[in-house]
Amino acid sequence: MTKEKREIIIFSIFTLAVLIIPFFLRGSYYLNVLVFIGINTLLAVALNLLLGYAGQISLGHAAFFGLGAYISGVLTTRFGLDPWLVLVIAAAASGSLAFIIGFPILKLKGHYLAMATLGLGIIMYIIFNETVAVTGGPSGLSGIPNMHLGALIFDNDMNNYYLIWIITLIVMLLSINLSQSRIGRALRAIHNSEVAARVMGVNARILKVQIFTVSALISAVAGSLYAHTMTFISPASFGFNFSVELVTMVIIGGLGSIYGSFLGAAILTVLPEFLRVLQDFDIIVYGLLLIIMTMYLPGGLINGLQKIVEFAAGKVGKRGGSGA
Amino acid sequence: MDNSRQLFQYILSGLSNGAIYALIGFGFAIIHNATGIINFAQGEFVMLGGMFTLFFVAFLNLPLIPAIILAILVSTIVGIVFERLAVRPLKNAKPLSIVIITIGASILIRGIAMLVWGKDTHAVPAFSGSNPLYIVGATIMPQHLWIFAIAVLIIIGNKIFFSYSIIGKAMRACAYNAQAASLVGIDVKTMVLFSFIISSAIGSLAGIIIAPLTMTSYDVGIMLGLKGFCAVIIGGMSSGLGTVLGGLLLGLLESLGAGYLSASYKDAIAFIILLLILFIRPEGLFKKKETERV
Amino acid sequence: MFKKVFGGILAMLFAGLMSGYVFAAPPIKIGALFSVSGPASFLGEPERNTAKMMVDEINKAGGVKGRQLELIVIDTQGDATKAVQGVNKLIKDDKVVAIMGPSITGDTMAVIPVVEKAGIPLVSCAAGVKITNPVKKWVFKTAQNDALAVPKIFDHMKKQKITKIAIVTVSDGFGSSGREQLVLHAKEFGIQIISDETYGPKDTDMTAQMTKIRGSEAQAIVCWGTNPGPAVVARNVKQLGITLPLYMSHGVSSKKFIDLAGDAAEGIILPSGRVIVANQLPKNDPQKKSLTNYVENYRKHYKVEGDHFGGHAWDAIMLIKEAIERGGDSPAAIRDQLEKTEKFAGIGGTFSFSPSDHAGLTSDAFVLVKIKQKDWTLVQ
Amino acid sequence: MNLPQAKSEKGAAAVLRIKNITKIFGGLTALEDVSFEVKDGSITGVIGPNGAGKTTLFNIVTGLYSQTSGDVYLGDKNISFFAPETLAGMGIVRTFQNVELFSEMTVLENVMVGLHTKSKSGIISCAFKLPSQIKEEKYIKEKAMHWLEFTGLADHADIEAANLPFGKGRILEISRALAVEPQVILMDEPAAGLNSLETSQLAMLIKRIRQSGITIVLVEHDMELVMNVCDSIVVLNLGKKLAEGTPREIQENQEVIAAYLGEG
């Protein structure tokens, strides 16, 4: 029970911190950064469920993010639908697409899965780009309305912060719950040895499709929130580069760790700030980071941090578990 | 009347592009067959080939032939360094890690190329002039003939190498069963290194001969690499005729698709083919189906 | 564990905050959003270079009203998300009084809601018509509208009695906006678009599209894109033995295009800002002084030809500078003075803004040039 | 377990029946027309020289490979071509020659995965921690601990499986299989790599498992173990069934001896 209690305490502290931090940042640019960190955390958590838990790579996750954003953008600007309704439609549509494509695509393994998802991402990107009459094409879609709640309109950083972070916190909590349940264990079992998992009665095929669907669904919610926050979207934000960025977030933060996803999202969102000094060198730093992290810190930063903390606490050796 | 001339032009252009895709595809197949790795950085060797040639010709004023040889040499060294630093230390890494590392390497190589040569696109002189040749009313560039010729040479070379040379045979043994190969005394690590050497050399050669047509810039490798991958998937990961057929088929479908359906969805056509093949016949169109289920 | 994680983030954020400050007397801060890297780097890079060069020059000459300018450049990478993050940083963190850029229409549309809300003048360097149409209070632009370039071409066609054309446009913001304008203006010139093709920004072969056009009854081809695509189109046109007149957009009005297209560039006609033909202009041309100055200056600094993309940034910084000189350095004052700009002879043309026009240029901003012997010549 | 069971001619129930199984890989015949029965509650050994096709047979029975021809019956039910996960639900489970543990999970979690078929909370009830899921989770944990206690691994419950000594890993695999509450466990060389102490402990464990009513099929090279625990033995050689009988009968079978001697 202690482990469970510790989880609850950690989550409570995290939630509390997330909720009070804006009071110190009122009117600051960093509030805006935190809004984007929230969206990216949502995406990283979604991808982590697939990549970190089930061990299935996706190099096309930006497609689901983009689908969510475009469904929201198009339905609100062209048909005047309510943003909340549209958010639900976006999630359902993206989830359905993932469910349908999931069966054939998740039959593939390793490199083939990577390439297939990459192909899917590129196809979706081309669709966003070329269906000019619907999406506005490469020059984007503007005038997307902000989210609202009765009279409260989410048109500034403070409101958006709470909107996005409350949803993100809920998704994080649900994901943590999921990861510690029989489904989470089954996913990790598939990751470790798919054959053994199947022999133990885990229906790997269905489960992979299910988690792919959930992941796409969360990504679409993130996309919808993004669209209503930015009020403008264009295909360039949903290309292959962003898919790789998402994978990087998950890897840097830590595969199979929900807080790691937050850490990865936060670092990649603020990284350009630091790399700005380096100007054009940032792409090199980025590539190096991917290689070095994968080679020498496969558990991600959250694991590194955990080790440092444990070392400092003087209890090196036994690792406390708590992958979540 | 004019329609048939147009069709013929689509076919000819499609085949020309297809030969390019096939050439790039070889590189994927060779590394994959020796190591099981799909090298996401393969496209960058195509870029390096073109860029180094340009560098040696335009900046060092070397004649074309020495420039080409040097360019292949330097690209191959990059391939060796890549294998040594990023692939060899991995040992039993999961496919996931290898995917990430090769993606990281491709970003890195691209980034360095951007810093060294800038972001501009550069024209590279054609090997033998830029006046089109007419074949039954359709046209083709002399450079295309070079591409066809070199593709044929590479297939023959591959065939000879993998069927008759000791190293080639050893590499095939590793591809078939690395554990068994090491038991009979084949140095698997060296074979992996060889596969990187050969594929970076072929990749850069592909980059060199297509650069006069496509021009070259630091980021030209991404799309070309992906198309080469599509070709090799259609061809069933073969380092021979399968990939050539795969490339030609891809080029044809793209060209006809662009001509008769929609040019905007040209790239989408390539990737839809990729997905369909992966879904329906992951072993490729030209390979006998394996009976294995797991 | 959480505390450490979050503590780390805060420390990083703080470090980021500090890096924004320069310890000196308070200069006037001008923000810039350029796509220095990414697919539109061919715009962003000369723009950044020009902006830096000009700010240095202004500062060396004593600054604006005795105060130095400080330029803060952010790379949008051609991505709307990064552009919005960047503009927020410029406004809330750096507290700039005016912003130039972004380089492309998409990024500009993305940041418009932010600057409108914050009340900071934005001088965009992107070409899209919808940036200033309808007019937005705080948004101006320096890049010539596609809407001005298209009639230049059609006018020339009309004189050549061309009525049926094929268009081939790149599927990015520049191309799709150009395509829109081509379709829109064709009717008024009695021109019929009988073949409408597109290509991807990274495509390396357009023979399929060109073959299709070859099989049509088009009397001329218009290609709308930025390097390197149009160079490929020009080469493919030559390769396929197509002899139709080829028109291009101002997106390729740089020497680079001639380098890339080689022999295939010969005879191509395109609308362009005057910058590429600066030395061919008559002495009494109002822009002549700015143009020759800019071209020489840029060559001195960066060893390459200044092009008209960099010129958009030149215009932006000089417009802002003059506005500050006239009215002071508060955002509102800069905006008001920008709107009052009259007959400012810049690189892109002669700008006159008004409450109903924040684009400021007339079709006079373009001249038609033809490529002859690897150089530009003015088409009367 | 309440499935109707076919009575064999001798009167004892046959829980698993292998009928005329043939498996051809490419052009190579790995198994040829192999048939035998496994009696309910028995320990059946499958032995044979390397390459005899023992593991291939296991792979076919547990649904990892599909046979070229022939059928497998569980009781009266034809289970040919069933997926492994379906078979697990029906009570057929196995261990692996190369120990396929979920190495990044704890010992306890490994066994909890074994209880996957004994629980049913879906993604939604897991994510929202519905009361039924909390109850079920408690059940899973208790049950898993029960099996760890049964096999003597309870002390190691919180260790990551990768950090377990090899011998204990084998036991963990068996514990995990037991958690499925199977009718039949197929063990693929459970004693490989174990020292003699561990092997004798394994023999005791196998007998205890049988006592709890579970049928065991054993592929094993350790003849002492096989002769010690098995009720009946099936000998395969070069993909064919060579002999079948009690340990004593097999020990005295000339063909079997020849086959083993031939192997060297």
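A few comments on the model shown:
Order as written gives the chain letters A, B, C and D; numbering starts at 1 within each chain.
One rule holds in what follows: a contact is a pair of C-beta atoms (placed from the backbone, for glycine too) under 8 Å apart; a residue touches a chain by one contact, two chains touch by 3 or more.
The structure presented is a predicted model; accordingly, all values stated were derived computationally and were not measured.
Think of each touching pair as a link: the shortest run of links from chain C to chain D has 2 of them.
In this assembly, the chain whose C-alpha centre lies farthest from chain D is C.
Chain centres defined as mean CA positions place A nearest to the mean of all protein CA atoms.
Between A-C and B-C, more contacting C-beta pairs join the chains of A-C. Chain D has its Cα centroid 47 Å from the Cα centroid of chain B.
Centre-to-centre, using mean CA coordinates, chain B is 36 Å away from chain C.
Put simply, the C-alpha centre of chain A and that of chain B have 33 angstrom between them.
Each of residues 37, 171, 198 in chain C touches at least two other chains. Multi-chain contact residues, meaning those touching two or more other chains, occur in chain B at positions 114, 222, 264, 267, 294. Listed for chain A are residues 130, 195, 280, 283, each touching two or more other chains. Interface of chain B with chain C (complex): residues 2-3, 5-6, 9-10, 13-14, 17, 114, 119-123, 130, 132, 134, 139-141, 210, 213-215, 217, 219-220, 222-224, 254-255, 258-259, 263-264, 266-267. The part of chain B that touches chain A in the complex is made up of residues 32, 36-38, 40, 86, 89-90, 94-101, 103-112, 114-115, 222, 226, 229, 233, 264-265, 267-268, 271-272, 274-275, 278-279, 282, 294. Every residue of chain A that touches chain C in the complex is listed here, in rising order: 10, 13-14, 17, 27-30, 32-33, 36, 129-130, 132, 137-140, 142, 155-157, 226, 230-234, 236-237, 242, 259, 262-263, 266-267, 269-270, 272-274, 276-277, 279-280, 282-283, 302, 305-306, 308-309. The touching residues of chain C, counted against chain A in their complex, run 1-6, 8-9, 12-13, 15-17, 19, 36-39, 74-75, 78-82, 84-85, 88-89, 91-93, 105-106, 109-110, 112-113, 117, 128, 130, 171-173, 175-177, 198. Residues of chain A that touch chain B in their complex: 51, 55, 57, 59, 104-105, 107-112, 114-116, 118-120, 122-123, 126-127, 130, 195, 240, 244, 247, 251, 280-281, 283-284, 286-291, 294-295, 298.
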